[in-house]
Amino acid sequence: MNIQEQFIKDLASKGNRNDGRKEKDYREIIIEKDVIPKAEGSARVKFGDSEVIVGVKMGVGAPFGDKPDSGVMMIGAELSPIASPDFETGPPREDSIELARVVDRGIRESKMIDLEKLCIEKGEKVWMVFIDIQIINHDGNLIDVAALAAVTALHNSKMPTYEKDVVNYEKKTKKLPVRFKPITITVAKISGKFFVDTTLEEENAMDSRVSVAIKDDGNICAVQKGGDSLTESEIHQIFDLASEKAKELRKLIN
Amino acid sequence: MNIQEQFIKDLASKGNRNDGRKEKDYREIIIEKDVIPKAEGSARVKFGDSEVIVGVKMGVGAPFGDKPDSGVMMIGAELSPIASPDFETGPPREDSIELARVVDRGIRESKMIDLEKLCIEKGEKVWMVFIDIQIINHDGNLIDVAALAAVTALHNSKMPTYEKDVVNYEKKTKKLPVRFKPITITVAKISGKFFVDTTLEEENAMDSRVSVAIKDDGNICAVQKGGDSLTESEIHQIFDLASEKAKELRKLIN
Amino acid sequence: MNIQEQFIKDLASKGNRNDGRKEKDYREIIIEKDVIPKAEGSARVKFGDSEVIVGVKMGVGAPFGDKPDSGVMMIGAELSPIASPDFETGPPREDSIELARVVDRGIRESKMIDLEKLCIEKGEKVWMVFIDIQIINHDGNLIDVAALAAVTALHNSKMPTYEKDVVNYEKKTKKLPVRFKPITITVAKISGKFFVDTTLEEENAMDSRVSVAIKDDGNICAVQKGGDSLTESEIHQIFDLASEKAKELRKLIN
Amino acid sequence: MVKREDGRKPDEMRPIEIKAGVIKNADGSAMVKFGKTIAIAAVYGPRAMHPRRMQEPDRTVLRCRYSMVPFSTTDRCRPGPSRRSTEISKVTREALEPALFLDEIPKTVIDVFIDVIAADAGTRTTGINAASVALADAGIPMRDLVASVAAGKIGKEVMVDLAGKEEEETSCDVPIAYMPRSKQVTLLQMDGDIPVKDFNDVLKMATKSCEQIYKKQKEALGERWIK
Amino acid sequence: MVKREDGRKPDEMRPIEIKAGVIKNADGSAMVKFGKTIAIAAVYGPRAMHPRRMQEPDRTVLRCRYSMVPFSTTDRCRPGPSRRSTEISKVTREALEPALFLDEIPKTVIDVFIDVIAADAGTRTTGINAASVALADAGIPMRDLVASVAAGKIGKEVMVDLAGKEEEETSCDVPIAYMPRSKQVTLLQMDGDIPVKDFNDVLKMATKSCEQIYKKQKEALGERWIK
Amino acid sequence: MVKREDGRKPDEMRPIEIKAGVIKNADGSAMVKFGKTIAIAAVYGPRAMHPRRMQEPDRTVLRCRYSMVPFSTTDRCRPGPSRRSTEISKVTREALEPALFLDEIPKTVIDVFIDVIAADAGTRTTGINAASVALADAGIPMRDLVASVAAGKIGKEVMVDLAGKEEEETSCDVPIAYMPRSKQVTLLQMDGDIPVKDFNDVLKMATKSCEQIYKKQKEALGERWIK
């Protein structure tokens, strides 16, 4: 273990952090909407120096065989090499795949998008919703930043029209049918204490983390643990903290 | 050359083997059928410590342009990394491609599957038969083990039904239309002598090998040489030995 | 810089070349047509030791959405490992992609192929024209050699017939509808002087190069700079030289 | 108490079969069946890590590769890694790591390969059970065995080891892995829609079931040594 | 003088916005907007080159990777390199190299990553403008900044910085990159159909516009240092 | 004696053309035509093997890559390796290895690249003929040249060097490679359905034809040296 990790751990054991925050403090959160002209919806979200842009694109395609009257939602994430000195070009890595899949589950399981309303012709044609997560700068807590950006972008997406077998992207009249605002909160355990909104430095020193997606009604709709093991009682503590913070963050989406 | 190879070669020059077998002896052969619940047919075959599972899956697809009224058969082989310390993940390697293609030729050229009976709608829809070979443990003679497993699995495959453009995998009434039992026998040349059912150690010491697929009527339907060169007279000896052993192995299939 | 490069540069500064040619001299050019039996058109072109074979194949496919009544043209280039000791197998490299795209632009922008005549059924079926560039030996100036081979092959291509949803490659009655003879001339700058038809040795010593595709009417239809920077006045000199040489090379195509 | 599709009680797992030492070439191996789901795991190592740039100077690296064979599912699945299998490989590695002493032999690697040869729900948990036994079978020093199972809730009933159509009916699917001796949860995932307080019941039933699996894992290792 | 689609004069570029230092983790970075086209560039290096076989014994290697993000275009574009992006990465590298002193630190690499996050014509030139500012922001010694823009000709009028439907109407599209101090052209490409003499006018307007871009690049770097 | 589609006698091969030294950059090369089938082979090496982990400490490694160019066939074939080409590359390597002394220069590699530029049956055998001449042209020490051809049986007649529709009509297709001096078979494959005793006749005709090819190979090498 290097000196920096040890320093973070020592601070954490007393509930302190090297940037002066307390356990439950977030960094400054900045949310910008409609930042990408040609996307159906988009948002740029920053938590301190962590920055993510999410763009929503729509198209028309075939539904899945087992859901002939449902639109299709797909989420991808690219940890662009611009975001971090360690990233390299190549196929999406484990971490970006996990990030996309955790954000996907939070949105999918909460039934945020009303996919039934995206059916054009049963069994033949439905709207496809592509949600692409682009990491611009990586300074920790990427799952929460990406999830917040995705939910914000979806809430501000406008649907193109479909006329005579052609998608008209110039004419956007209706909003994308969305409901709910699932919020994903990742809680990290460092030296036996629990922290939200960890920086990259903190993540290098952390023992484990649990990401929890929480619906407007307080129900949880997705969970993903990473890192080392946890006791049941620790899991409960994490859920309580996540539930508390989700309420705060939900207010930021409009 | 290492000591172990030299030892195998010295034994071989007298027609002996390090596990006590004679040139024409097989290891213990174990054949289990219907080992995979969701496959249309399956078989697990062991020759000593070499173990292969073959699963047959069926689906509906388009026929090839030059055979509009014929079903389609495809064989794949994966030398899973579980099977051998040397295997690595990645695209299928030369050896597994050769294995799949040799097993494919033995089955295809013998016309074992009555592909004409697998046409659903001429030029539009036919049954696809996917035969996947999974190597579980590699201790030599994989081509023969895989070929025997594939032929056994096909002989025990049941066809799903096709109703209203949907494959019903729950309702399997008819058997897959198969005839013949092509048997593939690989004969290895070590120190000028010929051996069947070589172990991995023997294969590391062998000079060359010829795999011969033999039909029920004694005709040969596929041949593949590997390794070093052979004389015409050696090729004849190999064919004779393979023909003799094929008769024995064919009795094991039911 | 190695001795050989320095030698080429020293010669170049006086307008000389190590094979005795002057700045504007081409190596011996050899053009052979119809060298590939099963291609719709083909040409083998040599400039000295640089050798390229281009084959034209046709098929029937769907048009692009934005051009429903237009045939489709695709150009690929493979720097086969047979052509040069440095080439390795693998995905097409930067240089071969650039080569294919520069040749593509010269042909596409000149509107050499009358793509409107390649429509079979609007929005549904059009002829696809595949132009494959195979580098046989690499001794410099590959873009020009490939472009000349591609234009020659297209000028000598015969169309298969399309009857009852099947392409008949045996019956070729009409010529591929082509017009114009765009010529690509690459001019290299070495030690401040301009040279055409550089060898591989010269290319290792050159500062920069500009490839210019020139139509029959003298208009330019594609430009691609490579290597180091140039002044505007140098660009004009290059265009003048390219225009002059294009007239000469155009006479070689029939 | 409601009856389940296949007649099981809510807290009853499917018939379980565990066998250690099933692959001769491997340093350790195991086959685990949960009903119609079958996973085989093989362990190779610790051995020198290649390529060298992936070596860790002070510890052993654990690599996991979870894979479903083409004939394991009703609709044939294509061979090769998918986004799903990449994620499961990652969480499987994290489920096993807490049980191992990885700082013993620097610059080495332990490879864990899991092939799901038959799939009927619970493939990742079955794979973890197999991998855990395979690691022990390889003689790799372990703090504890890792047992794994999923639980959920259908209607008002918490149920363990969902199978068949239960996967579609459950309001949540919670796969966990658990080290019974230290009572540590090493895998925790969840899909669905459930109040926090119900989650606790689901988690409780899953950990309780892991204790039963744990016993069967130890029995299988015992049989292996007796042989 | 004709009016253009968006009311610009023929020699008028779209509104330009340049900001240096937008990515904290990078050694240098910049965001450049030309109307609705937005590119972000990040520079990492000089740093040791891996894999080692790609090292040059006597110089720094410049690597460029141009990429369009999936949501940048009207029709979503697939992530990953294409033939088009591979070619643009190459000409971008050649557009930047003349501005750098690459023989200073052997066996090292400078990586330039360009992400086009919104595309409305001129993505490669916007990317080069961003990369040039990012290199300066990284403190890498440069002979000059590289400015870049495309020009064309619609009807009889030469026009700079084509946007929207102008790209379809122009008889030629000539993207260039230019070092104003030494008056050197470092990128030169062209698609279309145009007499040689007209090409000269197009080139002239493009280089003149580059001089204006150059000023804005220097301003952006100035603002960065003041902060 | 029956007449064949193209008027040949059963034991008559198509017109054969062999030319050595066709690729200037290669250490050795050859072009071989059998009727309308054309293959070009180039040899590079022996040279140092990269990557190093593929080096053999006590011998030269022979690598072969067989490839069909896109325009060689009636239906354009996609560039890049296929399962078929991977298998043919392997058997081609095994067909050539017995002719070489590979234990002379450790840690090196000889690369043999074969491009089939026109295909009308017999592409693998034509490729082996070209590769064998190319290896000799490269001055690589050889025990013998390797000659290669396929034979089959149509109706009751054994026939050599099948072409055009004969490939569909034959009851078996037996490509072989042969070293005439030592009478060793180095390639042996077969597809079809044929009694063992007939196989012997097919093999016999193929080896006899290889002796004729062998003469033409030597002539081509002779012409090369005279030039």
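When the chains are written out, they are named A, B, C, D, E and F in that same order, and each has its own residue count from 1.
One rule holds for everything that comes next: contacts are C-beta pairs under 8 Å (C-beta built on N, C-alpha and C of every residue); 3 or more make two chains touch, one makes a residue touch a chain.
Everything quoted here is computed from the prediction, not taken from an experiment.
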Touching subunit B and also subunit E, the following chains: none
Most remote chain, CA-based centroid, reference being subunit C: D
Relative to subunit F, chain with the most remote C-alpha centre: A
Between subunit D and subunit C, distance of the C-alpha-averaged centres to the nearest whole Å: 57
Whole-Å separation of chain centres (CA-atom averages), subunit A against subunit B: 48
CA centroid of subunit D to CA centroid of subunit E, Å: 51
Order in which chains appear around the ring, subunit A first, subunit E after it: A, E, C, F, B, D
Sites on subunit A touched by subunit E in the complex: 36-39, 42, 49, 51, 53, 55-57, 59, 76, 78, 80-85, 89, 130, 132, 134, 136-139, 169
Complex contacts: residues of subunit A adjacent to subunit D: 92, 94, 97-98, 100-101, 105, 109-111, 210, 215, 218-232, 235-236, 239-240, 243
Residues of subunit E touching subunit C in the complex: 83-84, 86-87, 89-91, 94, 97-98, 174, 179, 182-196, 199-200, 203-204, 207
Complex contact set, residues of subunit F against subunit C: 22-26, 29, 36, 38, 40-42, 44, 47, 65, 67, 69-76, 79, 81, 111, 113-115, 117-120
